[in-house]
Every structure is written in C-alpha cells, then in structure tokens.
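Here subunit A shows up in two complexes: once beside subunit B, once beside subunit C.
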Partner chain A sequence: MDLLIFQAPILMVQASMDGILLGILFALIAYGMALQWGVMNIINIAQGDLVILGGYIAYFMYLYGIHPAWGVIVSPIIMYFVGIGIYKLVINKVVDRDLFISILATFGISILFMQLMNFAFGADVVLANSGYGTTMLFDNSVVLPNSKIFAAVISIIFAIGLVVYMKKSKLGRAIRATAQNARAAKILGVDTEKVYAATFGINAALCGVAGALISITFTIHPYMGLPYTIRSFMIVIVAGLGNLPGVAISGMGLGVFEEFADYILGTEFRIGSVFLLLVLILVYRRFKLSKKREYLK
Partner chain B sequence: MINKNLIIYLSILIFGLAAPFVFPAFKVQLSILCVLIILSITWNIQGGEMGYNSFGNILFYGLGMYLCASVQVGMFFPLAEWTESGGEKTFVHTPAQFFQGFGVGLAVAAIVPTIVAGLIGYSILGLRGHYFAICTLGLGVAAGEISGGIEIIGAGQGFTTPPFPNIGGLEARGEFFYFCSFITLVLTFLAVKSIYSTRFKLVLNAIRDNEDKAEAMGIQTMKYKIIGWMISAFFCGLAGGIMGGLVGYIDSTDVAFDGREMGVFMVLMAILGGKGTLWGPVIGATLFHIFKEGFWTFFLGWQYVALGVLIVVIVIYFPEGIMGWLREKYPERFGEVIDEADRKAQVELK
Partner chain C sequence: MKIKNYIVTFVSAIALLLSTSAISFAKVVGDKIILGAAVSLTGKYSSNGVHTQNGYNMAVERINSMGGVKVGGKTYKFDIIYYDDESNPKRAAQLAERLISQDKVEFMLGPYSSGLTKAMAPVTEKYGVPMVEANGASRSLFTKGYKYLFAVLAPANLYLDVAIRTAVELNGGKGVKIAQAFEQDAFSQDVRLGILDAAKETGSEIIIDDKLPKELNDMAATLAKVKVAKPDVLVVSGHTKGALTAIRQIAEMKVDVPMLAMTHCDAAKLSKQHGKNSQYALCASQWHKTLTYKDKWFKDGMTYDADFTKMFGYAPPYQAAESSAALLVFKDAFERANSFDQKKVRDALAATDMQTFYGNIKFAPGGQNVSKPMVLFQVICDSSGKCENKVVAPLKWASAKLIHPIPKWSER
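Moving on, here comes the complex of A and B:
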C-alpha cells in the first residue's frame, strides 16, 4: 500500500493539500484549548461539542435560507454567550481544583451537549452547502473545494485577529497577566473572575467559528465532538502551551497525517489512528523525558 | 466486632445467593449490577488507591469480551464464517461445547488482558496526572475504533455470541449468568479486600500521596503500579467476558469499548461511593445502577441528559463521595480516634 503513495504523486499532493487546509481548522480549535488551558488550567473535554454546536448554528442559518458563510460571524457571537453561561454554571466551580475534576466535569458537559444536540437536531449527518464550487490545480489533477480554501483563510484571519487582540487590548493584557500569575494579577487589580469568564467565552467563540467552517466544508453530527477535543489536545501537547506558530504547524501536520491515514489504512481506521497517535505521542514524550528522570506533568 | 462484620458479610452472601429466586424478574439487572460493582472496585485500585485516574480500564473489559466470545466460537467452529453468517444460524453449540468454550474463554479473557496491561503498563504508567487520564481515554477509544474495522470479529456489524443451549428451561440462562457474575464479584471483593490488608495497599497509597517521595524511600514504584494495573485488568477482563455472554451481542463502540458510557460509569460509581475505600465503589455502583435504571425507565430518551447533569453534580458537589461524607460525619466508625475537645474547637473554627 505504501508503494501507492510514491507511485501516485498526484494522490500525495491531493492528500497533503487537503490535510494542510484541514489542519489550519484544527489549529484554530487547538488555539482555543491552549488559551483556556494556559489561563485557567482546565482541560475542556466539551471543546469538540462546542465546535459541533457552532456548526449547527451555521447549518440552521442555511436551512432558513441565509448563506452559511454568515455563520462565521453569527455563530461566534452566540457561542460567546453559551461559553459564558457554561462558565457561570460549572467551570467557575472547578477552576482552582484538581485537573481531573475539570476533565470529569467537562466530560459530563460533553455528554449533556451531545444528547441535547441529538434531541434538537436529530442524529443525521448534515452539512451546509455553500455552493462555492471547486478549484482545479495542476492540469485538473488536484481538486480543491473552494469552501476548504475559504475555511482556511477565515481561520487564519480569526487567529491573527485574536493574537493582535491579545497583544494590544486591555482585556488581552489582563488575560495574559492572569495566565502568568493569577494571584499577582489579582493583587494588581485584575478581576480574575471576569478574565476567566471572558477567556472561556472567547474559547467558545473560536469553537463557534471553527464549527461554522466545518459545517460548510465537512459534515457535522451530534456525536462527532470527542475526536475534535482529542485532536486539539494533541496539537497543544505537541506544540506546548503558548507556542502559537507551533500550534499552527502541528495542526497542519495532524491534518496531513489524517489524510494519509485515510488513504493508506482506509476511512474506517481514520478516527482510530488519531486516537492511537495521541497515545504514541504521549508515550514518546514520556520516554524522552524519563531519560532526564523527569515526567510529563 | 468480628462477629458483627461476619454477620454483615454472611447476610450479603445469602441475599446474593437467594436474589435470583426471590426477584426472578430482575436477574439480568442483578447480573449487570455485579459486573458494574466489579468494574468500579477494580477502577478504585487505580483511581482511588494509586491516584492514577484511568479512563482506559474499558480497554481490558472490551478485550475480555471479544476474547471470551472468540474463543468460545473458535474452539469448535471457524470464526470467520461465524461472524460472516451471523453465527447461530449455521453452527450450533452442544451444551457441553457451550460450557467448555465459555470456561476456556473466560480464562483467556482474564489472562490476556493481564498480559496486555503488563506490556503497555511500563510506557503508559510513566505518565502522570491528567496526561495519564487523557492517554488512557485515547487508548480506550482507539481500541473501539480499530476493533470496529477488523473483519474476523465482525467489524462494524457486530459479533453475536453463541446462544445459550436449550437446557433447564427458560430461567436457566439468567441464573447461569447471574451466578457467574456473582461468584466473580465475590472473588473480586475477597481478592481486593485481602490485597488492601497488605503492605501493597500502603505502597499504592504512598504513590498516590507523593510518588517522588515514595521513590526516594526506595520503593520501586513502577513495579507496583504495573502490578496494580494488572490486577485490575484481570478482573475487568473476566467481567467483560461474562457481560459479553449476558448481552449476547458485541458491538465495538457501543458494547465492548464503550468509553463514553461504561468507561465513565466506572469512574463515576467509584467517585459517587467514595474513592479510596473498600466499600465505597460497592455502594456507589449499587446506587448508581438503581438511579440509572429508574431514569432509563421513566425518562426514556432523556437518560443521557440526566447522566450528563449527574456527572457534573457529583463531581462538583460530592467529590469525596458517600463514604467520604460518612467519614466526616462519624469518624469514630472508621477507627479514627478523635479528641472531643479538639473536634469541637475545629468545628468552631469552621
């Protein structure tokens, strides 16, 4: 099978291009995860479900005759308030506690969202048709849907916008200060409670953007959330917290890996290979660190 | 004191033995309850005593389930044809074949996961805290997704386990699986209880409280962690094998490697009862099962919504569980000697 890859360069270019465009989307979700992990020390298992919820918002706009691309603007606004709501109800009670508590609590939220979405939107695989057509490259041998290119461009715009916002705005500086040292930030007059809420809201809004883009380019389904969580977790641990170029690059790497796994192993092993890659990466890092008698913590 | 304990144990044993005849309608539910208790007791070895919160014990459970069924079929008939044709229509086990196959299958289902746990233990147990939790979560889901792509064990369309042979009337099947699971539960409980009375438990607690210090005291922590995980894997595999026969149908992501349900249930049950105690998981699993079945019946369709809310509420408001709450309330019952004046002073401080 691997001979196929080298004998069919076109397939390889196709898979790489698809993978890179997909990876940019993953990187956007992972950026949100890195943000809340760094600031609040929380691992949010419900991340993927927020993405899917954002996707359904765009899908419903499509159903009511609005072009789903507007979902990129509407979905983050709605998701921001959903995020604030989740923060007020659950997350603010687990912020200073053990990380495992936050994992389990957000697992609960994830199951809850999954089922509520299943009730509200049905268990069908859906997509919002953007009608963007396709672009042909290299003598019509590589086919790229325009919607994927659109998704990648929008993701990059949002990521750059957020980076600038973090650097320049007052809230952005407060968030970065809280990430560095929450106690010191509190002493210097930062309302950390507000910062946490805003961070979670921004993360949810990012998920909303990504979800809207996913509903245009791929498909969404109420149960598809967990793989997105695992992907963003994986990207963050490979890149490290607070390493934005790293998040972008490892996101694209993961996208390419997935496309190749899809081609070589077959679609039924796609999700499995993502989860297996997570285990392998963690084990690799564990052995690398254990040489220095350290461990992942 | 010894007499009192003995009476409690004996009455539970008698209740357990009589239960299928007293409540014949609930035999399947009681067998599932036994399996749930086994899973939460064994999860507690990691999560409660050792401080390694694993979402991956579902791996051994699913592995045991597939192995038991595969051996039971494969001993007498070609496995590939069985799964392809939907099994029971083409080939029929005689009663002797069924029980022989089930026995051997259970043995394999217990031993192979133990070996697997030993093999992967060195790599996985080197991770700590939430990295361990996420890694084991990935392991469980990956196993489900991958086994869903393997043809010989039924791939996506599932695996029908051999039907119970037509002997002893309609009630025989339920009674057989009930006693299988009940006996396994008793064995598990006794094994874990005897383990907890040795130095091994103290080592596990030392690892939980401070692994670096435990290592500095000269304990080979890795060795004990792996052994602890292997003990869990042994009983999880057994429970999986029995559950496979009981359900009668194995699906990769919905029955065997059901990380979203069973994998979370076992954590939740142990936390609800109180992790790090012997009786906590038993109480937690029993309450959880009663609650779950009640909800499943009365709020059909909303059960998972309720489950999500339940997880959040338990984790946020009762992280110590029922046993932890009791211990705070009646410390004397737990063998803690408390100076009354000191206690009053502490209560006033609060």
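Moving on, here comes the complex of A and C:
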C-alpha cells in the first residue's frame, strides 16, 4: 500500500489525466475488437500482436528518417492488407464455427506473429522518438507528455471517423447489416464474405494506428502484445457488444483504474488488477443474468 | 502399405540420426574438446543470446588459432555444440539433460540470463558436469551450494551497490533518500537486495520501492511519485525495456533527480536510441573496453573491442566480453588439471586465479567471481549531440569525472 497519493492530492489529478489519455488509446484498440467480435463473432487473441506489428511499421519509418507520426497514416494502410491476408488465410475457415475454435485459431496466429516479429525485427525493445515535448499544468506539478495527448487526439479522430463511416458508407451499412443478421443480409444481396474480410481489415488498420501511437508514447517489443489483447477484451466485455460510446467510456475508466491501482497498490499490481477486475465483472454479469433467468422462469 | 513403408523409413532415419549423433559427440573426440551450450537464439533473450554465442565463438577461434589447449602433452582444440533454448527455462533444462545424456558432453558453458542458468544448474550439478557461465548473475545461483557452477561475472547484488556508496560519499557520508523501481525477475530483484544492503549499511532511506511487472512499458506513476517525493537517487533495473522506458518518461515528464542509476544501458543502446535525453544516466557494467586488464589471448579491452567489431560488425557489449572470458577460464583449468576427468577439472576451476582482458577471475566457494568489481559509467554527450559512455566509478578505473548532481531539465 502506498499512501503518497493521499498525501499529495495533486497526484490524483496526474493519475486521472494519465489514465484518461491512456484509456482513449485502449478504447481505439477495443473498438476494433468490438467491431469484429460483433460482426464475425470472433474473439481475436492476436489483437495485441497486430498492435505491435503496427508499431514496428512506425518504428521503421522513424529509422529511415521519416517522422513516426506519419505512421498513423501509413501503418493502418499496410495493416488493412495484413488483416485481409489473415482473414483469407485463416479466419474465413473459422468464422462460422464455434467461438472456441476461433479463439484457438487466433491464439495460434498470435504465437506465430510473436515469433515472426522476433525473427524479423529482433528481440530488442525499441521506440520511436517524436520529439513532441511536454505540457506542464498547475504550476508544473502535473506533466503531460505531448506524445500522449497526440495519441489521444488521433485515437478520437479515428474513432469518430469509424462511427461516421459505419453510419454513412455503403460498406459500413453492409457491415452493420451483417452484424445484425448475417443470413438475412446475404439473402438481400450483401456479399458477407467481402464484409467479413473488410471488417477484419478495418480492425487490423485500427490496431495499426494504435501501434504507431504506442511506438511514439511507450516502447514496443515482439512479446508485448498480450496485455493489449486483455485490455481490449476487458473493455468490450464491460461496454457490451455494439455499444461504441460504451467502449470509449469503459476504455477511459480502465485507464484511470489502472493508474490509481498503480499509485495505491503499487506498479506490480497494475496489470494484475486489470485481470482481477475482469474476473469480478464476469462474475457480476453472470450473477445478473442468472437473476434475469429466474424472472423468466 | 505405402504409408507403412514411409513410417518404417522415417523411424529408421531418426534411429540412424540419433545413433550417429551419440557417437560423434563424445566429450573429447580426436583432438577436440567438445563443450555444450544452450543459448537463446530465438525468443525474448535472442539479442543477448547472440552476443553470448558470438563471445563464445570469438574465444574458441582465438584459442584454437593460438595453439589450443595443452593437456597431457597433446594439443586439443575447442568445439561447441549449440542448441537454441528459445529463451525458455524449461527448454533450457531439457537441453542440458540432452547435452549430457544424449550428446555425452562433459563440460558446459552457460546460457544467457539468470533465469535460464537457474534452470540448467540443477541438471549439470546432478551429473557432475562442470559449467562455466558468463551471464547469470543472480545471487540465488551462488547460495545453493552448487559445486560445479562457476560464474565469471560479479553477482547481481553488487551491480548498483557502487552507485549508492558514491551518492553517500558525495553527500558527505550521510545517508541518502533512494527511490527504486525494479522488475520482478530473479536478476533485478537481486540488484534490489544489493541496494537494500547498501542502504542499511550507509544509513540511507528507501522512500519509493516499486516493482515493475514484466509486460510493463509505462512507468509514469512511479515517476510522478518521484517528482513529489524528491529522492537523492533514482535506481531503475528492468532489463533493456526498463532502461528505455525510464529514460523516455524521465525526459518527457521532466523528472529532476540528482542521480539516476540503471542497469542494461549497453544492451539498450541507450544513447543511440535516446540521444541527449540519456545524458548523465549512470549505468552498471560488468566490463568496459577502457579498463586496463590484460591477457595474452585478447591483449586488452580496446583490442578485444576492435577485433570483435571486425569479426561481427558491431561493438561488443559486456555480455560478449564475459562470454569470451568463460572460455579462457576453461582453457586455464584444463591445462592446470592436465586431465579431462570432471572432478579434477572442477577442482582446477575452483582454484582459478587469473587475469583476463575482462577482469580478474577468482571464484568464491559459491562459484561467483569475487575479484572483479562492477564499474559505473555515465552517459556524457558533447555539444554536437554525440554521446559516449565514460567510466566514472570506482575511482581507480575512472576515465572521466562524475557529473553530480544532474542538471535540472529547466537548465539543460
């Protein structure tokens, strides 16, 4: 237990700000997961590995002298095609099967990606420097790295873009139709196969954006994907499928929760506390559902 | 029927392969002394695993070309069987088992990292196979009473001990306030224990004591606490990830501490990845090329650095240097034992007392090398932004003066 946060209340402001900025970034990854989970009924364990791969794209741009911020444009374009590739190779074979098979398949993809990235890029921890500097608030007692603010702003832009695209575009409507009822959509002339491929591609593209942002704000490493998968899974579970504003709020909530857990329980319990919260929420949901079932009886 | 044929061919091929490999890899074949090693060529330790392997190979090549090992009036050459342990302790233990019982290796070199060495040591101990290791510094390796394990490097608890003592000295002998963040692995936790000991002896106080999980790449919370608590020394140890994350976030959050001490700066290529932001960081190192130790195979650190760079195309981190030193120790022990009897070689190893380009080597009863101190270097950049690591402590080896306290971010 560390009570410093109560002795120095300014830390609470710091923790909340950090948490919200972080949470927005998590929410972007979770958006992708919610989308393809909702449409294809697939829980993608490789989500975090797609994020890291996106990060490497930005990192390599940085290595070749291009500012890594351009990664938020280049990385999703490349990742979109990576996503389509994965869909064509693996996901289309498991998309109509039960959830367990898709979890196993994406788990396999995740391991493969980790090893391939390790093989191709090496096991070194890398990062891309944006040189964005720092914003100081409240008489220099709260510091916000501009890279984190940049990450949050870009995430919001992409999230809003996605929502608008889903509402207005033809493909977006086809995706929503397929999510509601794949069979009916098919009968009415929607090429669901294409919709699935595009959905997975869009998900990978969002991961690409998030990855580029993570390479600017944090560090990347071939084996660092899993915590991002867990967090996005957690956010989607809390928000519920198809609830996009819910994803944003639960993302930020998770970010703040993590930061406070870090301050109060200690850094070592940070990711542990996320797991604990996940278990609690699942138990609570089950409890609520069983109550509902009793009413129905 | 066809399938059956395939199976028969397959099985006999495997049997043939196994039988030949068992014959061809005995301990000493013809004029070859065969050593076994499992190093991490894939997985999360692969970059340091490759440094380890390159260090071994460099020494094998050098020793063989300079006359090899003389035992019983005959000259032998070194050869190493490598396996990839995939950075996985379980796999490392299996491979140790395999090297010993299948490949009949009677002498082993260590893997990379304390964790993997810890997994292999019980196996080599069980079979009485002497193992000289160069990359497992965890204190717990040397408290288990292993008789066949020898480490050429200083134990982990001494890594940052020098830093605390230097800080206390600069504070006029009075205790200092320490903030620390350590990853939760065998190695970093031992570094932490070393700091606790040093703090106790010097009357210093530990005001922040964070543990970092291994997946973490965000230290903002720890650093925010540091900003509020204002310690005299900030100590961070979490392999390359910890070093890189710390420097990035210290610069971004403009955290001012008079002294910042870390491990793994070499491997993190700190100044290359962070440039001027890494300036003034103090780093613990097992070895630095400017140290003036000498031996007859590699001459000295500067020559080793140049030769290694020529052979592998990059400057040797200390992980490579210490791996090369392990081979020198083996050669010395074989010649003194004048035998390939495992027991005699083990006793010769235990009696080692030599100087190599890497440092003096003399083993304590636990197997750790007690005659080589750790050095601290400081990242110092010139006005053009070119950064260099300069040895600043202990004073005997210092090539530059320690800059203390670190200038505030607002004044840089």
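Here, the second predicted complex is superposed on the first by the 288 of 297 C-alpha atoms of A that agree within 3 Å, B and C clash if a C-alpha of one lies under 4 Å from a C-alpha of the other, contacts with A are read in each partner's own complex, and residues count from 1 in each chain.
Convention: contacts are C-beta pairs under 8 Å (C-beta built on N, C-alpha and C of every residue); 3 or more make two chains touch, one makes a residue touch a chain.
These numbers come from a predicted model, not from an experiment.
Visitor: For A:145, using the defined touch cut-off, is the partner it touches subunit B, subunit C, both, or neither? Pick first, second, both or neither.
Guide: Only subunit C; A:145 stays clear of subunit B.
Visitor: For A:175, decide between first (touching subunit B), second (touching subunit C), both and neither.
Guide: After superposition on chain A, A:175 lies in contact with neither partner.
Visitor: What is the contact status of A:259 with respect to subunit B (first) and subunit C (second): first, second, both, or neither?
Guide: second
Visitor: Just subunit B (first), just subunit C (second), both, or neither: which does A:226 touch?
Guide: both
Visitor: Answer with first, second, both or neither: which of subunit B and subunit C does A:126 touch in the superposed model?
Guide: In the superposition, A:126 contacts subunit C only.
Visitor: Looking at the overlay, does A:202 come into contact with subunit B only (first), subunit C only (second), both, or neither?
Guide: Neither: A:202 stays clear of subunit B and subunit C.
Visitor: Regarding the shared-chain residue A:115, is it in contact with subunit B (first), subunit C (second), both, or neither?
Guide: A:115 sits against subunit B and subunit C alike.
Visitor: Should A:82 be classified as contacting the first partner (subunit B), the second (subunit C), both, or neither?
Guide: In the superposition, A:82 contacts neither subunit B nor subunit C.
Visitor: Of the two partner chains, subunit B (first) and subunit C (second), which one does A:35 touch, if any: first, second, both, or neither?
Guide: neither
Visitor: Overlap the subunit B and subunit C contact sets on subunit A and report the shared residues.
Guide: Residues 115, 119, 226, 266, 268, 271-272 of subunit A touch both subunit B and subunit C.
Visitor: Under the stated contact criterion, what part of subunit C meets subunit A in this complex?
Guide: Residues of subunit C touching subunit A: 42-47, 87, 181, 184, 208, 210-213, 215-222, 224-225, 227-229, 239-241, 244-245, 248-249, 252-254, 268-269, 273-275.
Visitor: Once bound in the complex, which stretches of subunit A touch subunit C?
Guide: The contact residues of subunit A facing subunit C are 2, 4, 8, 10-11, 14-15, 18, 22, 115, 118-119, 122-127, 129, 134, 136, 140-141, 143, 145, 147, 218-224, 226-227, 259, 262-263, 266-268, 270-272.
Visitor: If you look only at subunit B, which of its residues touch subunit A in the complex?
Guide: Its residues touching subunit A are 53, 123-124, 126-131, 133-135, 137-139, 141-142, 144-146, 148-149, 155-156, 260, 264, 267-268, 271, 301-302, 304-305, 307-312, 315-316, 319.
Visitor: In their complex, what parts of subunit A are in touch with subunit B?
Guide: Listed in rising order, the residues are 43, 90, 93-94, 97, 99-101, 103-105, 107-116, 119, 226, 230, 233, 237, 266, 268-269, 271-273, 275-276, 278-279, 282-283, 286-287, 290, 295-297.
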